[in-house]
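This is the structure I have questions about; it appears just below.
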Amino acid sequence: MKNTFGASISVTLFGESHGEAIGAVIDGMSPGIKIDYSFIDSQLGRRRPSSGTDTARQEKDEYSIVSGVFNGYTTGTPIAVIIPNKDVKSSDYSSIKDTPRPSHADYTARVKYGGYEDYRGGGHFSGRITAALVVAGAICMMALEGVGVKIGTHILKCAGVCDRPFENYLDDICCLEGKAFPVLSDVESEMTERILQAKKDCDSVGGILQTAIYGVPAGVGEPWFDTVEGVLSHALFSIGGVKGVEFGSGFSMSEMTGSQANDEFLYEDGRVITKTNNNGGINGGITNGMPIVFNCAVKPTPSILKEQKTVNLTEKRDTVLKINGRHDPAIVRRAAVVVNSVSAICIADMLAQRYGTNVFAKGGKL
Amino acid sequence: MKNTFGASISVTLFGESHGEAIGAVIDGMSPGIKIDYSFIDSQLGRRRPSSGTDTARQEKDEYSIVSGVFNGYTTGTPIAVIIPNKDVKSSDYSSIKDTPRPSHADYTARVKYGGYEDYRGGGHFSGRITAALVVAGAICMMALEGVGVKIGTHILKCAGVCDRPFENYLDDICCLEGKAFPVLSDVESEMTERILQAKKDCDSVGGILQTAIYGVPAGVGEPWFDTVEGVLSHALFSIGGVKGVEFGSGFSMSEMTGSQANDEFLYEDGRVITKTNNNGGINGGITNGMPIVFNCAVKPTPSILKEQKTVNLTEKRDTVLKINGRHDPAIVRRAAVVVNSVSAICIADMLAQRYGTNVFAKGGKL
Amino acid sequence: MKNTFGASISVTLFGESHGEAIGAVIDGMSPGIKIDYSFIDSQLGRRRPSSGTDTARQEKDEYSIVSGVFNGYTTGTPIAVIIPNKDVKSSDYSSIKDTPRPSHADYTARVKYGGYEDYRGGGHFSGRITAALVVAGAICMMALEGVGVKIGTHILKCAGVCDRPFENYLDDICCLEGKAFPVLSDVESEMTERILQAKKDCDSVGGILQTAIYGVPAGVGEPWFDTVEGVLSHALFSIGGVKGVEFGSGFSMSEMTGSQANDEFLYEDGRVITKTNNNGGINGGITNGMPIVFNCAVKPTPSILKEQKTVNLTEKRDTVLKINGRHDPAIVRRAAVVVNSVSAICIADMLAQRYGTNVFAKGGKL
Amino acid sequence: MKNTFGASISVTLFGESHGEAIGAVIDGMSPGIKIDYSFIDSQLGRRRPSSGTDTARQEKDEYSIVSGVFNGYTTGTPIAVIIPNKDVKSSDYSSIKDTPRPSHADYTARVKYGGYEDYRGGGHFSGRITAALVVAGAICMMALEGVGVKIGTHILKCAGVCDRPFENYLDDICCLEGKAFPVLSDVESEMTERILQAKKDCDSVGGILQTAIYGVPAGVGEPWFDTVEGVLSHALFSIGGVKGVEFGSGFSMSEMTGSQANDEFLYEDGRVITKTNNNGGINGGITNGMPIVFNCAVKPTPSILKEQKTVNLTEKRDTVLKINGRHDPAIVRRAAVVVNSVSAICIADMLAQRYGTNVFAKGGKL
C-alpha cells in the first residue's frame, strides 16, 4: 500500500506535477456528509500561491469529484477527486534530468525508478500533489465538523520571527480560519519581509508550524504502533520539507524534569482535564481529551536560484547547477493547510475505527 | 492491525507488565538467517535495568523462541518469542487503579477499555513490552548485518549534559556496540551523576537519542505516506516517552536558509554522496545512500516519587498521589537499544518490500 | 482498505454506473513496463457488449491514463485510469429506488448507505466498474508477459452446454487470445442460441468459467491466510455474479479418494512436475509450478424482464417489479476477461511480494 | 501481513507441528467479553481426534491465554494463546525430507523456504495449527453470541453419503452444537462406516461442509474486494484441504435461470426477508439479513498409507513413497469446527469495522 494511507478511512494519491492530472481517492467516508464546495475552494485557496512569498506558478485547481458524491452528499463509496494540470511549463525542468537538484528527490527518484520516472517539476514528489490532499482533507474536515472536531495550524516560527503559541485553543483555531497568512500574533509583515528578503537573496527559508486539534474525545488511538503520534507523524512526514514532528512540548520536554513535565489531572465541570498540556493531548499513544498539539519542522525550500554543486548522473562527474523556474522562497504558509488536511484525514480515520464507519453519518456527538 | 506493524516483515506485540508473559511474533523474515542467541542476550542486557540510574525491577528476560527457527536458522515462517514475567509485585500498583498517574497511560487506558484493562504496572502500555521488541529487533539486525546494514544510537543529551553528534558514522556505530552506557564522548560519569541527583530529588529526567543507520542503499522508501521518515517515526513513537522525532538536522534545519541546508551532491570513489547530511540520508521520503540519521526526544519518566495532583475516577474528585514502587529516574539509556530495534524492524521491512522476501536469505549485497 | 486490494501491487476502484466517471489507481507496478494501448483496447473490447447475447448499453470505454506512465512506460508511481461514463440513461432506473431488484445489491446498498447511495444502474455495484478492472488487469498482464506468465479463461459451461476443459494449457491459453467468444471446443453457436432463447424468454442464464494461469514458478503464496487460493478467491468474488470458486478439481475432488486425488510428483526434463493437476497448481496454499487452474460459478444475471415480487421500502409493503432497460441475458462471456484481469492483478502482486517491487522492470526470468 | 488476517479484529498464527508450541494472537477484540474456558475446551474437543475416523495423534491442547484477559474478561489488548506441542513423534517424518508427499505442502515449502523449513509433520502447514484458530474462533464466538450471531457447520456429504441441507437455520445450528459428529439427519453411522472402510483400504475420503451464520444484520461487507464472500473465502482457503467455496446455491446456481435463481423480497413481521436464499444471504457482496450460507469442498486427506510415486529432491530422480505415521482417513468431521472458527473471526471483524471496536463490549443489539 504505497500511496494509500488509512485503515477505515483511506486516501490514495496519484499524479505528477506536469502530467495530465493529479488526484486522490478517499474511501470509507460515512454516507450522508454534505459537501460544501465553497469550503473546498477556500481550502485550495490557502494552498495556492498568492503573493510574492510564493511561486509564480498559477493553478486554478479546478477539481472534479467524479464519484462518491450524489445529490450533494457523500454516498459512502470511494470519492475520486481529479485535478487537471494546466499551467505547466515543462521546458523549465528538462535540464535537471541528469543533474539532480540538491535536497530534492530528483536523485532518489532516479535510483528508485531507474530513469523511468517523470522528472518534470519533481514528478510524483511535487508539492503539487498536495492539492489533492487538501481536497481530501476538506472532505474529512466536513465530517469532523459534525462531531465537533476542529483543526488549526499557524506559523510558529519563520525566518527567525516567532508567533505566540496556542493559548485558548478553540478561539485560536477559529481566528486562524479567517486568515490567509496564518499567524496568531502581529507578525505577518515581519515574516513576509524576511521571506521576501530571502527571495531577493536567491535563497529560501523554512519554519515551524504548530497545529491544534480540538474536540477529539479521550480513548482514541492504540498503545503500540498505531499511537496517535505514530499515525499522525507517519502521514505528516509525507508533506514535502517536513523533517521533524514533535508533540506537546516535544524536544523541550526532554530538558524538563518529571515534576515539571507531568500534566496533572483535575476535574473541571465534571470532566477530567490536565492543568498543563506538555503531552499534547496524548498519553500512551491515546488521546486524553485535551487538544492534540504538535509542531512540524519545515526545511527551507530546496529550490534556490543560487548556483549549487551537484553531479551529472549520465556523465558521472561533478558539475554545478543553476535552477531557473518558479519557486517558493518559503512554503510554510502554503504548507499550513496541508498539515490541517493530513491531520483531518488521520483523525477521521481513527474515529471511524473506534466508532464505526457510519460515525459521521449522523453528525451527532461521539 | 492495531499491535502489528510492517508490510513484508511485520511484528505483532502482546502482553501486559504483570500478566503471564509478553512476546512478539515476527513474520515475513527470510529463511536461512542464523540465530545468534548470545547476540539476543546482549541486546536484552542493554535494555535491562543494570545500575542506580534504572528501576530496581529485575527481569532475567528468559525468552523462548517457540516457532519459526529450526536447527538454528530462521525457517521463513512466523517467529514467536515468549518472555514470561517473573519479578512481578502487583501490590505496588493496586492503589493506582482509580487514581491515574499524571503523564502515564492509566487514564487513557481506562477510557479506551472501560475499566477492563489490566492496570497493574501500566499493563499493555508498560515499557516491559519493549523486551519483546528488542528480541524482534535483534533478529532483524542479524538479517541486516548480512547485507551490510548497521545501526547505532547514543545519548545525544541528557539532564543538560551533551554528547558529541555522530562524526564518522561507521566507526561511531561500532564503538557504541561495546558500550553499556551509549555515549560517544567522555560524558558518562557526568550524565550518570545528574540522573542520580534527579533520583535523589524524587524526580526524573529525559533526553535526546541520536541514531545512525549505515549501509542502506539509495532508492528505498516511497514518495507518499510510506516515506522512510514516516515509517520510522510511526514505529518510534510507540516507544514510551518518545515525544519528538527529527531527521537529519530536523528542527534546526527550519532555521537555516536553503543555501545552508541543501546537501550538495558529489562523486566520491565513483559513488554519489552528499557533502553534508542535513537531510539525514533521505530526500523525498527515499534513501539517498547516505547514513539515515535521526533524533528522538524522550520525555522524563513520568513515574516520580514526588507527590502529584490527580483525580479519583470512581469518586469523581481531585486528589493527590504519591507513587511507590520501582522506577527509572531516566530511561534514555535503556531506550537506546529499543530505538535500534525498532529501526532494524522498519529497515528490514522496507528492504524486503523492495528486494523481495528472500532478500536476506543469501546474505549477499543489495 | 475497502475498495483497495493488494499488498505490493494494489488496485483501488472508484465510480458509479451513471456518475461522471469510473476508474482505478494501480500502485506498486514496476517502472519500465511498456504500455501497449492496443492491447488495453482489445481487452476492453472483450468486456464490451457486442452482440445479441449482451446488454444494449454501448460504452466506448475511452479511458485516460492520467498518471504513472511517461514516454510510454510505467514510471513506478501510481497509474490512475479514468473512464468517463457516456451512454447513460438514468431515467431507466429511477423507479427502482424504492423497489429493490431481487438478487441485486439495491437493497443491501440501501441498508448499508442509508439511502445516500447512487442507486442509478446499480451505482458503485455495477458491472460497469469492471471496465476499470480490465485496464488495471491489462497493465498487469503486460508486466506478467515479460516474466513468462500467461492467463486464459473459457466458458466451461453455459445454459447447459459444456466446453471441454483445459488440456494443453499453453496452447489453449494462446488459442483463447484470439477469440471473442471464449470456448475451446466447437460450442459457440449452441451456447449463443441458448442464451438468446433465455433472452427471448425474458430470462437469463449463468455459467462456469475455467481459468488457467501458466508460468508461475513454484514457491509463490503463503501457508496461512494469503494462500494463492485465498488471495485469488478474495478478489474473484468481487466480480458481480460469482458465487463459487474452486481450484483444480474442486468440488469433484471432495468425492474422490486420496489415491485418486493425489497428484504424484515426477521429474520431466529435470523439472519437478505432477502427473495430474487435481490441486490446480497449489499445495498448502503455495504454487507448485504446475498451471494454476480454477473455476468460477457465475449466477444468471439477476436483471430479467419477467415480473418479480419485491418490496416497497418506503411504503413498507410487498409489491411487484417489472424491470425495463438494457441488460445481459448472460454475462459469462463478458466476465471471462474480468476474471483474467483480476487474476493478473493478484498474481502480479504475489510475484512482487516474493521477488521485490522491481521484479517486472527487467522483464527477465523469475 | 502473511500470517495475519483481519482489519479491525485480526488473528496472527504461528507454530509448527513438531515445534515447541503453536499459537495465535487475537487483536482488536472489544474489552469486557467474559471468557468461558469450558466453551473453548469443548470447541477444541470437536477438533481433537476422537475416534477411529481420525488420526491416532493425541494432543490434550492445554492452551494458555498469556495476555489480553484479566479477571476473566477481555481487556481489549492482544490476546495471546499458546498451545505447547506434546505428543510429538518426529522420527515418523524424517524420511520425507527429500521425498515430498503428493498433494501435501512438502514440495512447495521446500521451494519457498529453500530447505530451511521445519519439515516435520508438515511444519507450519500442519492442520495442528488450526487448534490455535479454534481458540481464536471460540473467543470471537463469545463476542458474537452477545450480539445474537450464531454459527453452525455440518457434513453435507462425505464418502458418497449425503446429509440434508439446512432447513430451519437457527434450530439446525442449535442442534449441531450438541453433536460430536455434526450431521443434521441420521447418517452418522453410514458415513463413519465408509470412512473406516477407506482407512482399511489404506486410503482416505473428502467431503463437503455446509455452514450457516445466523443473525448478521443487513448492510455488512463492502462492494469491491472486501465482499462478505471474498473475506470469508480468503480465510476459509487457509484450512488445509479446502479446494472450493460456494455461497448459497453456488455452482448449482450457475445452472439455473434468473427467474429460478433470484431471491424475491417480501415483508415478514415488518422485516424484509427473501423467499428463497440462493444467494446465501449476500447481495453485491453485502449481507441482506438472511442467514449467510456456504459450502466448503474438502479434498481427501493426502496422507494415505498406499505406496505413491514421488521424487527424491536431493538425488533428483523419481522414487516411491510409503507413508507411515498417524493420519486421518477423513478430516471433514474435525474441519467443521475450524470452519466455524474461521467464520466467527471474519464476521466479528466485519461487524467491528462497521460498528466500531467496542461493538461487542456491551453485548447489545446491532
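Read from first to last, the chains carry the letters A, B, C and D; within each, the first residue is number 1.
Everything below uses one rule, namely that a residue touches a chain if its C-beta (ideal position, glycine included) is under 8 Å from a C-beta of that chain, and two chains touch if they have at least 3 such contacts.
Please read all numbers here as calculations on a predicted model, not as lab measurements.
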| item | value |
| --- | --- |
| Interface copy of A-C among B-C, B-D or C-D, judged by whether over half of the contact pairs recur | B-D |
| Contact-richer chain pair [A-D vs A-B] | A-B |
| Centroid-based (C-alpha) most distant chain relative to chain D | A |
| Computed distance of Cα centres, chain D from chain A, in Å | 45 |
| Chain centre separation in whole Å, for chain D relative to chain B (CA means) | 38 |
| Centre-of-Cα separation between chain B and chain A, whole angstrom | 26 |
| Residues of chain A touching at least two other chains | 1-4, 7, 13, 77, 112, 124, 223, 358 |
| Chain contact topology (line, ring, star, complete or other) | complete |
| Interface residues, chain C side, partner chain D - complex | 1-5, 7, 13, 100, 102-105, 107-109, 111-112, 122, 124-125, 129, 157, 160, 198, 201, 203-208, 217-227, 229-231, 233-238, 240, 242-251, 253-267, 270, 272, 274-275, 278-280, 282-289, 297-304, 306, 308-311, 313, 316-318 |
| Touching residues (chain side chain A, partner chain C) in the complex | 1-4, 7, 10, 12-16, 19-23, 25, 27-28, 31-32, 64, 66-68, 70, 73-80, 82, 112-114, 116-118, 123-124, 358, 361 |
| Chain C-touching residues of chain B, taken from the complex the two chains share | 7-8, 77, 223, 353-359 |
